[in-house]
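Following are the structures in question.
The two complexes that follow have chain A in common; it is paired with chain B in the first and with chain C in the second.
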Partner chain A sequence: MIGVGKIKQYSNVLDKPLSKGKQEVSSSAFAFLFSELVQYNQTQVDNIAELERRLEDAGYAVGARVLELLCHRDKGNRRETRLLGILSFVHSTVWKVLFGKVADSLEKGTEHEDEYMISEKELLVNRFISIPKDMGTFNCGAFVAGIVRGVLDGAGFPAVVTAHFVPMEGQHRPRTTILIKFGEEVLRREARLAVPCDIIGSLFDFCVCSSEHGNFNDLVKAIIATPVDVKYTISLHPNSFDLGQDELS
Partner chain B sequence: MAAIYSLYIINKSGGLIFYKDYGSSGRMDTNDSLRVASLWHSMHAISQQLSPTVGCLGIELLEADTFDLHCFQSLTGTKFFVVCEPGTQHMEGLLKVIYELYTDYVLKNPFYEMEMPIRCELFDINLSQATQKDRVALLGR
Partner chain C sequence: MATTACFIIVSRNDIPIYEAEVGSATKREDAAQMHQFILHAALDIVQDLAWTTSAMYLKAIDRFNDLVVSVYVTAGHILCVSDFNCVSDKKNTEKMENDIYVIFFAFSVGEVHELYIKILLNPLYLPGSRIASSHFDTKVRALARKYL
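So, the complex of A and B:
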């Protein structure tokens, strides 16, 4: 009955401030709920791959919501648009809200350019779970992988995210690694976003040499020849070019 | 510091769901341990019925010449009992710790089926830590 006064105060849910709320929930309550989620999904599937997929889908819904909420709450309705920005957002902001701590590590895959890994020594969802021997490499971290996929997908970084156990030297328990493999288009866009400096650089060279020759048409042709989807801004110094009236029109 | 000989967990219908032997001598085979478990279950139930006091919860401690048997029954009827050297201290505390480990690493594990034998890696790991002698000695504090 403690909350009664508060509920009265904000009879309309929309008037309620979007505060951070209570930061802690019972670990036991979560563990039992998650255990029940896994058990329910286990009754709905025939094989382990399907169970993993269902857990991931459950996590995806969480991720999509978490992104929305955190962008509003922490980032003033802005979201990360760059690859490293969104990765560190997942690694620190999202992790802190969901698990009360920053993830243990965020690394770039050594073999592939498009792979990143978030590792956790003891994932919250796996704290009380022992995987039976006959289930092989199944990892309940698939749920967390789904959350990460939900966040990334919502932010416009489609990726394939999977959870794996990685044995650690000198440790009794393997750690869980969330492997993120970004889609091709994400990397292409990332490469493009990194380009503008180079283009401006080459245009600058061009400007210098064209100012010597004083040919504006060549510059215009060069701009048209560059890919349409590249955004650039060029400010021209009026004295750089020998512009004739007819050429401007 | 006196030693623990063995640990049993039996479900509410008397089936042995976990057994661990710590003794180096006089090991029991599987059939014997199953027999002890179901025997203890029955004796525990009979003792409740025969007790002259009202509201008796069954035998908590059985003292014999060569061993002590401490028993703890949870609210759901699962029984935990240890057989140890006579006069071993802090066994009630240890049983409560084991009960806690059972609720954490067995009951919260989605792959465990209720009333079935316990096969959980994490439970084994944490149990072996809890039953280390120096850990048990700390329970007295």
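So, the complex of A and C:
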């Protein structure tokens, strides 16, 4: 609760110790503040997409800060460099700090490789909100989508994040699904990182040694294109790899 | 031990948002440009290296004569880059380099990173913009005096 207990006044924000993250805010206070945020932005726009974009931007600023703070405070100064690592960071660590619980589910999209979904039965920002009929597909979860985008973008995983209502059988209210679609470069990097670094190192040495005769570009292309299990064979049997006689470009 | 160091914080799009030259040694005339040159040259190396490890502190990623560049990469890929110059005691270089890593580690991990987070948490600070706070500058310089 706000105002409970002694709060020491600091003249300068840099003197104040970082919060331990145990404070809670009453949900009605949050609901009032959030409703003001939505209402204010509603007066500034003339269509739904614009309103969602503004909410997302507000969330993005939160996400960018949350990432930096939590990696320092809760993760002991470790960065996330892998896709699943950062997703589970969002799903558990971030959700727990912001909403007091881990998200209900984290799934991989069935149709596309680059899509992931975080679902929540009763998202905090949607708890006290009912969408008028004339506002169509508007979803206040755009704010949370913005937070997720802020975290992912900050960590170097640019993605398009959107919030959707998904009706559930036997339930009065639909659940909210945050759909994450990663950029192409993220998946490409992920495939590259799937090879253990020492093998890349030895492959690289091998390329450099054989660069007088070998075709470096072809080898690199092959490394990126082959699935993980095949990469091991390449690295173990460099001779089996057919080297071209082209000049190194 | 007389050392001099240049410490910069670089935002995600390689724009320096904070710079400080610290240390006890007397400054060379061209020091400012040289530090800039060396630190910027190191940025490319960091970009690749940062993805191969989840550690934030990457020590001695690059060197130029007697300047050694170390980097601290935060979760949001903000870089704290620093180069050190040891002028005295050429004999015991290895041990001294090790000392410097420890110093920089304490310097950036313990304190400057936390200061940066405090700046970032200010809702009026736009991430990626220049850190103009004079309090921040004073604190960083005080820390540098404490460790160097």
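Following the convention adopted for this analysis, the second predicted complex is superposed on the first by the 175 of 249 C-alpha atoms of A that agree within 3 Å, B and C clash if a C-alpha of one lies under 4 Å from a C-alpha of the other, contacts with A are read in each partner's own complex, and residues count from 1 in each chain.
Convention: a residue touches a chain if its C-beta (ideal position, glycine included) is under 8 Å from a C-beta of that chain, and two chains touch if they have at least 3 such contacts.
Quick caveat, the model's predicted, so the values are computed rather than measured.
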**OP:** Once the two structures are overlaid on chain A, check if chain B and chain C clash or fit side by side.
**Re:** fit
Original post:
Among the partners chain B and chain C, which is in contact with a greater number of residues of chain A?
Top reply: C
**OP:** May I ask you to decide whether A:G156 touches chain B, chain C, both, or neither, giving the answer as first, second, both or neither?
**Re:** second
**OP:** Would you check which partner chain A:K16 touches, where first means chain B only, second means chain C only, and both and neither mean what they say?
**Re:** second
Original post:
Touch check for A:N77: first (chain B), second (chain C), both, or neither?
Top reply: second
**OP:** Go through the superposed model and pick first if A:I129 touches only chain B, second if only chain C, both, or neither.
**Re:** first
**OP:** Quick one: classify A:V38 as touching chain B (first), chain C (second), both or neither.
**Re:** first
Original post:
Measuring by CA atoms in the overlay, how small does the chain B-chain C distance get, in Å?
Top reply: 23
**OP:** Write out the stretch or stretches of chain C touching chain A in their complex.
**Re:** 50-56, 73-78, 109, 113-123, 127, 133, 135-136, 139
**OP:** Report the residues of chain B in contact with chain A in the complex, numbered from low to high.
**Re:** 104-105, 108-111, 119-123, 125
Original post:
For the complex, which residues does chain A have touching chain B?
Top reply: 28, 31-32, 34-39, 42, 128-132, 135, 140, 172-173
Subject >> Touching residues on chain A, where the partner in the complex is chain C >> reply: 12-14, 16, 18, 61, 64-65, 67-72, 75, 77-81, 85, 154-156, 189, 193, 197
